[in-house]
Amino acid sequence: MKKLTHLDEDGHPRMVNVGEKPNTNRVAVAEGVVRMSAPALARIADGTVSKGDVFSIARLAGIQGAKRTADLIPLCHPLPIDGVEVDVTPFADQCLVRIQATVRTHWRTGVEMEALMAVNAAALTIYDMVKSIDRGMSIDGVRLLEKRGGRSGTWKAK
Amino acid sequence: MKKLTHLDEDGHPRMVNVGEKPNTNRVAVAEGVVRMSAPALARIADGTVSKGDVFSIARLAGIQGAKRTADLIPLCHPLPIDGVEVDVTPFADQCLVRIQATVRTHWRTGVEMEALMAVNAAALTIYDMVKSIDRGMSIDGVRLLEKRGGRSGTWKAK
Amino acid sequence: MKKLTHLDEDGHPRMVNVGEKPNTNRVAVAEGVVRMSAPALARIADGTVSKGDVFSIARLAGIQGAKRTADLIPLCHPLPIDGVEVDVTPFADQCLVRIQATVRTHWRTGVEMEALMAVNAAALTIYDMVKSIDRGMSIDGVRLLEKRGGRSGTWKAK
Amino acid sequence: MKKLTHLDEDGHPRMVNVGEKPNTNRVAVAEGVVRMSAPALARIADGTVSKGDVFSIARLAGIQGAKRTADLIPLCHPLPIDGVEVDVTPFADQCLVRIQATVRTHWRTGVEMEALMAVNAAALTIYDMVKSIDRGMSIDGVRLLEKRGGRSGTWKAK
Amino acid sequence: MKKLTHLDEDGHPRMVNVGEKPNTNRVAVAEGVVRMSAPALARIADGTVSKGDVFSIARLAGIQGAKRTADLIPLCHPLPIDGVEVDVTPFADQCLVRIQATVRTHWRTGVEMEALMAVNAAALTIYDMVKSIDRGMSIDGVRLLEKRGGRSGTWKAK
Amino acid sequence: MKKLTHLDEDGHPRMVNVGEKPNTNRVAVAEGVVRMSAPALARIADGTVSKGDVFSIARLAGIQGAKRTADLIPLCHPLPIDGVEVDVTPFADQCLVRIQATVRTHWRTGVEMEALMAVNAAALTIYDMVKSIDRGMSIDGVRLLEKRGGRSGTWKAK
């Protein structure tokens, strides 16, 4: 079975050495949703307020969150991100907002955590902005959709 | 209908003024789960590795994440957190790890976002540590369970 | 003549002790402008791109910048900000964008630096977003307009 | 006309992908001034206090500010800075202090924002240290003087 | 015997709740030394370079370090620091530089960690600046000298 | 005699330009100890509490501290760390805990400061967790043990 690379043989945490790995182009795509009540979603998606604002702020928070990943996740390598895109799309019929983040780098390690962090930061920002209307929201389905590059190559969610 | 307090009348983002609010004791409790394959969960929960480590690191990341909330969520007020507890519990029969975070402050605004951030940081840290075994994990059901204190008083999830 | 409070009698830097000062309501208002070419301003203000976006991002950067003031200014006290508003307004006839930031706290020290930092962060963000069109922009007239609260009371720019 | 590269076709913010760009040597030079009253300038420049201190602290704040650029400017790429120099020079006859910052990197994107951030952080630090004497100071003429390297090559301010 | 307050009954880390404690004036004083070769010390203390600079930069780094304590020490409470003083004094006959830091707050928890962090940040900064001359330096005797305020009252090192 | 590279000819601080240096594999190893009373050490090392926890948290704080080095040390270059290991070992007969940190990068500058920062962050974290039992602890012997790579090659402490 594969190893938990962040723990050494004694079970102690370490930041595993990636210095021997070559730089390659890497991409990671992650997604997640914020479920909320129909009135709350209508409020942010239907133009009662300026349509773009909640989503624009969430996008921005996602991009900035990706840059802070190594600050928040203890054993994550700091790395220079080359690009981040965050899409935020409301689905009124399902009472949810879907977030998708794509992060790229040309580096020795992958950017899966950065993509997941972008989704989470965007999701929490939506929560923060809508909580005065609906405290019962939930964040669901935060997961990796795809990664490319690196020794393990391409992986796609089923 | 209630207002989106983070946007002004023109739909522009603002950090709403809380200077007039009294300091009161505030508590927020949030939860979330990380779903993973049975072998992955067995690996971190059954003693193949030192049992406490993945969960101990996740707890710590949750506590530290709560302290960084205002850095990550654009319109969130910075505030002095008085206490944070993060519980991480595996449920082998459901193939998931449950995270619960409790954050306290004596301040002018609540700590809902801090509790949610603690859950998310702990969840992402588990993801990071287990991803070499199982990339198909998902983070689900991140939500507020309860808040107490402040003008709006106590709120509990149904 | 008044003293440079950030230096002690020997000229050494210190963070001056404010522990004896009472908490009072404090407000600071600062302003500044970003000068740019007419075509560049037209581009961000006239709807060639979604009008709100550059300005909305600048507003958000200003609010977030205010929260990072004590990280950037070495001798500045960390303090819990109660509210931030940032206005960004284009003046096509003067080829400039005007930024005004208002920061509030109920605390022992003032928020002048936070208001100035908000203006600067918003201005640099506009610069960053427009620099592919016009590298010759300049940031001018960054100054305090008004402060209220604290021992020295109200001050207004002439 | 050139594009606002930080916005996609729909006007949504993104951190544009620079992964395909080659690493090249890049330099950016920026400047700015802090205008203040003659007595205030005399105070920090004429030896009433240890001459070097206010300027030394401003230099240091500028260097440190350059390192925090990607934290403050939402769509700015994080990058490893290779060198920073900040000069701070008083001009008594013009009642101003001039700041010039030079930032270097060998990387895929330029360091214009880092140089401008260094100038701004130094300027705000001077403001912070002198504000107990003169609240009417202003920061002016913050602009790029020159950039070299990268696809667009050398650019100089007129 | 006293408890390790940062661990709960099960040995899990927590940020202990201080919300019930009253705000009181608190002071902590810490010290430490950097030992180095006589030539290295002469170099920074005898005027071969501008005397104040290495020490002035170390002082500043100490002050800034105190502000980052809760970012670095996982279970440390974030708190608003009211004042920081850092003294840096060379003792040529003992081949060392002594650092002393005093931190003050009016808050619910003490500032011992902030004072120790200030000493450490100043010491590491001296190390960083002198290491091109002497890599064999050591940091020693970093300890708390005194604390005042809070429930446990005054404590002094023997 | 060698130069203080962080100061220019006028004694002004600068972040020295490393852009011309080649990337090479670099390793730095640092150590330090935390001295404490026998009862305090017994408490954290003998299983009265879950043995791994204080040391596991200290290890993690050391790893995270290494990532924050350029934030804390003013003239330190930001760089992408490739790996960090922190060992924490109690020596009951000497009443101390020994910390050793190894940091690796493939970059233009060394990681001595990162290794020393890791030791210091781990040491302060132990102090923080044990201070309710023993306030008289001290941190001693923080020094570089070895560095490899870069123009100056290998250096070992005597």
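Should a chain be cited, it is by its letter among A, B, C, D, E and F, assigned in written order, with residues numbered from 1 in that chain.
Throughout what follows, contacts are C-beta pairs under 8 Å (C-beta built on N, C-alpha and C of every residue); 3 or more make two chains touch, one makes a residue touch a chain.
The model shown is predicted, which means the values in this text are computed figures rather than measured ones.
A.B. asks: Quickly list, by label, the chains bordering both chain A and chain D.
C.D. replies: C, F
A.B. asks: Give the label of the chain whose average Cα location is farthest from that of chain D.
C.D. replies: Chain B.
A.B. asks: Pick out whichever of the two, C-E or D-E, is joined by more C-beta pairs in contact.
C.D. replies: C-E
A.B. asks: Hey, which chain ends up farthest from chain E, C-alpha centres compared?
C.D. replies: Between chain E and every other chain, the largest centroid distance is to A.
A.B. asks: At the place where copies chain E and chain F touch, is the share of residue numbers found on both sides over half (same) or under half (different)?
C.D. replies: Same; most numbers are used by both chain E and chain F.
A.B. asks: Distance from the CA centroid of chain B to that of chain E, rounded to the nearest Å?
C.D. replies: Between these chains, centre-to-centre, one finds 31 Å.
A.B. asks: Based only on mean CA positions, could you tell me how far chain A sits from chain B in angstrom?
C.D. replies: Between these chains, centre-to-centre, one finds 15 Å.
A.B. asks: Residue numbers in chain A touching 2 or more other chains?
C.D. replies: Residue numbers touching two or more other chains: 11-13, 50, 52-53, 56-57, 60, 64, 68, 71, 74-75, 80.
A.B. asks: What is the shape of the graph in which nodes denote protein chains and edges denote touching chain pairs (line, ring, star, complete, other)?
C.D. replies: Graph shape here is other: it fits none of the named patterns.
A.B. asks: What are all the chain pairs that meet the touch criterion?
C.D. replies: Once each pair is checked, the touching ones are A-B, A-C, A-D, A-F, B-C, B-E, B-F, C-D, C-E, D-E, D-F, E-F.
A.B. asks: In the complex of these two chains, what residues of chain C are touching chain B?
C.D. replies: Listed in rising order, the residues of chain C that touch chain B are 25, 52, 56, 59-60, 63-64, 66-68, 80-87, 104-106.
A.B. asks: Given the complex with chain D, which residues does chain E contribute to the contact?
C.D. replies: It comes out as residues 50, 52-53, 56-57, 60, 64.
A.B. asks: Write out the stretch or stretches of chain F touching chain E in their complex.
C.D. replies: 1-7, 10-13, 32, 39, 43-44, 49-50, 53-54, 57, 60-61, 64-65, 68, 71-76, 112-113, 116-117, 120-121, 123-125, 127-133, 135-144, 147, 155, 157-158
A.B. asks: Which chain A residues qualify as touching chain F in the complex?
C.D. replies: 8, 11-19, 70-71, 74-75, 77-80, 107-108
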